[in-house]
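Shown below is the structure under consideration.
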Amino acid sequence: MSVEIRGLNVTIDGKSIIRDVNMDIADGERVGLIGSSGSGKSMISRAIMGLLPTNATVSGSIRLADRQIVGASDRELADLRGRYVGMVFQNPAASLNPVMTVSRQIALPLRLHYDLTRTERLDRVQAMLDKVGLPADVATKYPHELSGGQQQRVGIATALITSPRFIIADEPTTALDSIVQRHIVDLLVSLVDDAGASMLFITHDFAVLSRAATCCYVLDNGAIAETGTTADLLDHPSTEQAVHLVSAARELSLNNATIAATSACVTGMTASRGGTEQTHTRLYDSDIRQEDGE
Amino acid sequence: KPNKQTNTTVVGTGNVAASNTADSITIGLKLTPTNLDIRTTSGSALDQVLIGNVYEGLVARDENNQVVPAIAKSWDESADGLTYTFHLNDNMTFSNGDALTAEDVSWSINQLIKNQYHDAESLNMVKSVTANDNAKTVTITLNTANSNLLWTLTGRAGLVFDKDAKYDAKTEAIGSGPYLLDKFVTNDSITFKVNPTYWGTHKAKTQTVIIKYLADDNAAVNALKSGDVQVLAPITENLAAPFTKDSEHYTVKAGDDTDKYVMAFNSKGEKTADKRVRQAIRYAINHDELIASRGGADKALGGPIPSLDPGYEDLTGLYPYDLDKAKSLMAEAGYSEDKPLQLTITYANIYGTEIGDQLRSQLAKIGIDLKVNVVEFSTWLQDVYTNKNYDISLVDHNESHDFYQWADPTYYYNYDNAEVQKLYAQAIAATDDATRDTLLAKAAKLVSEDAPADWLFNYRVTTAWANGVKGFPVNLNQTLLPLYNVTYTK
Amino acid sequence: MRFIVRRLLLFAAALFGVSVVVFVALRILPGDVASVMAGLNSPASRVDALREQFGLNRPLTVQYLDWAGGLVRGDFGTSILTGRSVTSLVAGRAAITFPLIVLGLLIAMLIGIPLGVAATLARSSWARTAFHVIALIGGAIPALWGGLLLVLLFSRGSGLIGLFPSQGFPLDGWATPVTALWSLILPALTVGIIVGASLMRYTRSALGDIAASGHIDMAMACGMTRRQAVIQVGLRLAMPQLVSVIGLTFAEMITGVMVIENLFALPGIGSGLVTDLGNRDLIAVQSELFLLAAFFLACGLLVDLLHRALDPRLASVANISEVVS
Amino acid sequence: MSESATSRQSRSQSQSAQSAAAESSAQPAATIIMRSLWQRSEGKFSLIVLGLWLIVAIVSIFWTPQPLLATDGYHVWAAPSAAHWLGTDGTGADVLSWLMAGSRTNLLIVILTVLFAAAFGMLLVAAMVTRCSALAATSVVVIDALISIPTVLLALILAVPLGASIAVIVVACGFGYGLNLARVARSAALLAARSAYVESAMAGGASGWWVFTRHIVPNIVPVLLVQLSLSAGTAVLAESGLTYLGIGVPSGVPSWGHSLATSVKFINVYPLTVLWPGLIVTVVVVALNVFGDVLRDAIDPLTNTGLRR
Amino acid sequence: MTTELTPVLTACHIDKYFGRGGARQHRKQVLFDVSVDVYPGECLAVIGGSGSGKSTLTRIMLGLESADSGTVSYNGHPLPVANLRRESGLVFQDPFSSLDPRWRVSQSVAEPLRIQRRDLSRVEIDNRACAALRTVGLDPTIFADRFPIDLSGGQAQRVAIARAIVNEPKIILADEPMSAIDVAARLQILDAFATIRETWRDMAMIIVSHDLGIVQHVADRVLVLHDGHVEEYGPTEQVLASPASDYTRQLIDAATL
């Protein structure tokens, strides 16, 4: 599903949050959105979903396929949301419904848009849980019983359950350690590509970005600063904002080739567990006695 | 059409009056009895509803406060005034079917004396009560003559109970009156039904009488307006205006009563022991204004005896409203507006705050700084009545024939005047009413002159009813409310 | 399970505390039932005799143990003055007060919750302002005054539109349910409107907090309209909070109801308590107070349990106060 | 409450003066707060009503249209006239004068009740957020148990030994509202007490007193303000109810509840007399409630950007 | 660093359980026999999956929580040690929750001094607070009077650091100090750390993070935790370049992509 944003402006309580944003996402395209904290990334995604705070005023145009979002009625939007457009929220703990079990939460879009029997729904939920790498017994749990990473994956499953044509993923991997993170990004990418859907991917992490998005927008203080293919942008950022972000990211990213031997090591310290233990056993005899007592 | 048919048939039977006269009537009263045990529980609310309706006395009272026959159809009094012989009616029964005999009468009075039930002290001079069942007489002999005896027997002292009946007197009542108690809801209502076995002449005219207790004045007025009650007794005079105006539908009438608003000064109080202070207060009170503010139905009262009681005499001239005199008396006693006298008036909250505010305002003019202390009745009983710890008290003494209060130095008034006590004793011992009345009047005047209290006014109860109600007593209806005659025609 | 046991133990402890406090507090009061019963013009000997008869001369501990022993056996004693068992006395009065409170609460909920939801959903600022003003003024009307205004408007007899009885309760009580219900409408409306206004404020603020949270957004992202989301998800999430508010309101309503019962001449618990206290019918008063307190504590217990049932996050936590409110 | 916030404000004001920053607008915080109160129409409304209340209360000490004590039994329930603008009551006293004088009684009641409730409530809050978990747990339970006692019951019992008096209202209401306050403020207080900034202050060796006064109290001030203003409004309402039941303001002391309770009996006959006290109470309670809301927004640096400059 | 150097802080064989109830089997063990030490002037990084016990371990090391078995000692004395609190600084994960929202920046920064250094005058305290702000690269004339709500995430985080260093601690603990902010701001903070470490050369630092880039940037040594077990422990260079354990390798591989 293609998205076309023209001259989008969002104001909240007289404060301009989004300024004259133009953005295009073609069918089947994966687009990244980066920018410093508070630059308005989440706000743009909310504008596309029609989920801006009630005190926000919007102007401009957002077209989803051939439907106008700005000024559309709540009914029309509700019909789109969850069925054709799926969204992964930035903060899973705050968005998952605390009184719904995981399976009910994931099945919600199905229940609202499709006329399926209970078992059909449950089957789909199980399949989805499997895809995001969650064990089946998670289905009957409540969100507070899950770790942050698990919660985030439940949010992703909810967004993907109806195989939407357009996916918005707002920093979907922040709470995950690098192993799970990689798995999730791959999953999103494969789902989008297999279904021919399109995706808007918001992230701070450039490694993730280059994996997830083919082209990329840089947002600065509510306005688009720069745009281009991800590879181009990461290699030759042109605007100041982009340069700033990219260089910082480059400096901070883990790079085996440039591991600097700056810091001194304590000599005699071995990197193995056994070694450490030995050292300490010798140093602190009293501790061992304490441990024996237990 | 068939409706019309039935209508004509009813009319045709000539039962016109019956078809229009209501089977039941609801009467709104104010003060609710806490229980129905008239032998142990005080309060005129019990006398009001039970005497003459459920229970009957040896003798009764009419609406002019005079003694009339009841269970006794006649009586003889010996010349020395020490022996009374009562001749009882025939074929009397209680509502449970038991026969009412002379034995029941003597048992009731003897029980009262023996168990010291409420009002027993008014029969202190009784030597014996004996019954003669065959002759259907009861004889009471006295140690000393007592001119009050017959009147006393119209009240609780003379009530006749069924010797053989067993019932919980607090929630049930079995008597020989025209009505029997159907239902009693504490704090809310009493329902009377006609007593089918009633023996006498006061046959009840309305099948069911419901007495509804309405403590809130507004609720009471609304009840009458909406037809939930047909009679309201009492109605606050100031609230009666809409009914007075609407004479097509309502009648409003004030009746005579023996309620005396007694503003007693503690005669042994630190400041009120000074007679000048007490007199000054009596001069300073503008009774007319008080009465006017209450709607104007009440009567001025200059002394302890109201017009319906023996020994009444208009004493309002003794202490006329006279601020100058009051001020000079206060000055003599050492007080002035600049150096005010601090006094506290303590009274029960049932009388409202207005009267206290008015008294405060009136007394402020003669240099009395009156503190108004409105308390619960039980607190008043404790502090004022029992402990006599007060400056000024205010109470509605609604009892009749209660002059003895002024002849009893232990009463909460702390009023002790040997002359008054002597006169009262003579009056009681008198064997003819004329002598008694003169002596009482003399004593009352002495009391009033001493100013142990100010009698603010004789409260006259205003009653309002929907037109169509007949036979509802207007006089004395807060203590005596015979309902047998009451009918309501819609 | 442990939680419930703990909570029940606390409940029992609180009941014991209440019984002691109530008993002691009432003995401080001046005046006693014997002198009230004897009234004016009785000799002191009669008052003493009555006191003896009622056992008011016994040591306080004996009196307390006597009473508390009864409580344990489920016997609340007999009112000295009315001669009725406190149980039947309270039951008769509760048959008026509780329907009144429940009706009032129902009205309050019917007014407060939909208006609260509407205020949350209202998008135009004038509509919000209107709801705000309604809530503010509704909650600020003195019960005395509001009740009488309602009487002036709707009562049979004195009102502009004669619809409801202005006072009293039918003699045969709930045997004539329609009349009985009818006579409770105006008093219930009086409390209902006032409580409803504050309930509306609570609903609005609870829903407002939730509507600003991600839960509503999530529901909407799944395909609900805003209205659906606020009603289905928002109200459900606000439910624990609303349950506590309503539970508390129950207690508060007793206050309002005392005035209302006087105003509308209803022989309920409130007006009964005032008279019994005035008459120093202490056995009745202390049992009534105890029952009331027990009832409130039970309400609190119920609210806590409901809270737990309504919020799965609490099931694993032992101490609710740590998590909610 | 406003004192603590203001003093905090002035303290930091002096700091900023020291820190040689360019001081463009050295306005006292009070001015900024007043201005932001006045800017909102609700704020304006409540300031005007409360201001009038204060002025009338003060004026009534020295002057009322008619002497307060004057009763006139011949002219009770008079309609409004030149001498009696709002007519007379059941004793013939001037209704306007009584209402004016009543304003000071009610003001006193409100102030005392709020102080009592605040002091008692803070004590309870302190108990609830203390690190001693036994005390915290019991206080939570005790509060939940006590909170269910209706104010009017407490007042009824207090009224017996004390008689109808202002003290009854203040103690009964202050007690009840203090409990309410504690309950409502609990979550905010716990949030602050369990927050990372308190944890780091404690890690740095701060005492419980320090944490409570410096961190917890300022952070519950917004809740406190709203709740206290509600309590103030409820106190006005409670006064009228309790006085009607005969356990509130003693007879002879002017108060709105007194005017309401005495005239309410005659609403059928003299409806106009009841109108005034009822209206006044309603308007004042609305103003108090609104005032709490706007004051919260005005005094809190988080919501009032004016204070942050 | 040489062998003679003694560690400032040592933790030996720490076990930690969570959960209520008496029986050990009902409780969840989150740390299994963990031993670690920190030397003066050194920066130790703790990494590992989410929920692996990183925060718990560091809290135990600062005496903010007690271990179920094992000991922690500060300068050779087993905890509790009175002056550990005075001589340590804490930087929490979420900068906004660790600053009182109703306190100005200058007040928050000065708080440790006002609590611990009663001997200092107000002016002196202010000066030190300003100095601390400058150390982390914030201009006191601009930021001293702001409230936390007016700060960006990176700024707030730096204020939190300023607060932690104002009392010149011997040891600083930073629990995921940078997860909430964007890359550019992260760099600023790392610079701030670098400045501090240059200023007080023998100050030790423990930093918890799951971002290996950052770890590589600042840490001298790394402790890898996996489900409460020590997976690997050694010099940063060595651990990242040639990890001994599979888990560490997976972590690194996933991060490099």
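Chains here go by letter, A, B, C, D and E, matching the order in which they are written, and residues are numbered from 1 within each.
Note that in this section a residue touches a chain if its C-beta (ideal position, glycine included) is under 8 Å from a C-beta of that chain, and two chains touch if they have at least 3 such contacts.
Keep in mind that this is a model prediction, so the values were computed, not measured.
A.B. asks: Both subunit A and subunit C are touched by which chains?
C.D. replies: none
A.B. asks: Higher C-beta contact count, A-E or C-D?
C.D. replies: A-E
A.B. asks: Let me check something: if the centre of a chain is the mean of its CA atoms, which chain is farthest from subunit A?
C.D. replies: In terms of C-alpha centroids, the chain at the greatest distance from subunit A is B.
A.B. asks: Using CA atoms only, can you tell me which chain is the most central one in this structure?
C.D. replies: Per-chain C-alpha centroids compared to the overall one single out C.
A.B. asks: For subunit C, which other chain has the most distant CA centre?
C.D. replies: E
A.B. asks: What whole-number Å value describes the gap between the mean CA coordinates of subunit B and subunit D?
C.D. replies: About 48 Å, centre to centre.
A.B. asks: CA centre of subunit B versus CA centre of subunit E: separation in Å?
C.D. replies: Each chain reduced to its C-alpha mean, subunit B and subunit E end up 89 Å apart.
A.B. asks: Express in whole angstrom the distance between the two chain centres, defined as the mean CA positions of subunit C and subunit E.
C.D. replies: 53
A.B. asks: Would you mind listing the residues of subunit D that make contact with two or more other chains?
C.D. replies: 160, 264, 267-268
A.B. asks: Among the chains present, which pairs are found to touch?
C.D. replies: By the stated definition, chains touch in these pairs: A-C, A-E, B-C, B-D, C-D, D-E.
A.B. asks: Please name which positions on subunit D make contact with subunit C in the complex.
C.D. replies: 128, 136-137, 140-141, 144-145, 147-153, 156-157, 160-161, 183, 186-187, 190, 233, 237-238, 240-241, 244-245, 260-261, 264, 267-268, 271, 274, 277-278, 281-283, 285-286, 289-290
A.B. asks: Hey, which residues of subunit D end up touching subunit E in the complex?
C.D. replies: Touching subunit E: residues 8, 12, 15-16, 18-22, 192, 195-197, 199-201, 203-206, 210, 214-215, 218-219, 221, 300-302, 308 of subunit D.
A.B. asks: Report the residues of subunit C in contact with subunit D in the complex, numbered from low to high.
C.D. replies: 10, 14, 17-18, 25-26, 28-30, 136-137, 139-145, 148-149, 151-152, 158, 248, 251-252, 254-256, 258-259, 262, 270, 273-274, 277, 289, 292-293, 296-297, 299-300, 319, 321-322, 324-325
A.B. asks: Please name which positions on subunit C make contact with subunit A in the complex.
C.D. replies: Of all residues in subunit C, those touching subunit A are 123, 211-215, 217-228, 233, 236-237, 310-313, 316.
A.B. asks: Residue numbers of subunit A touching subunit C in their complex, please.
C.D. replies: 46, 49, 51, 53-54, 74-75, 77-79, 81-83, 86-87, 89, 91, 94-99, 108-109, 112-113, 142, 144-145, 155, 158-159
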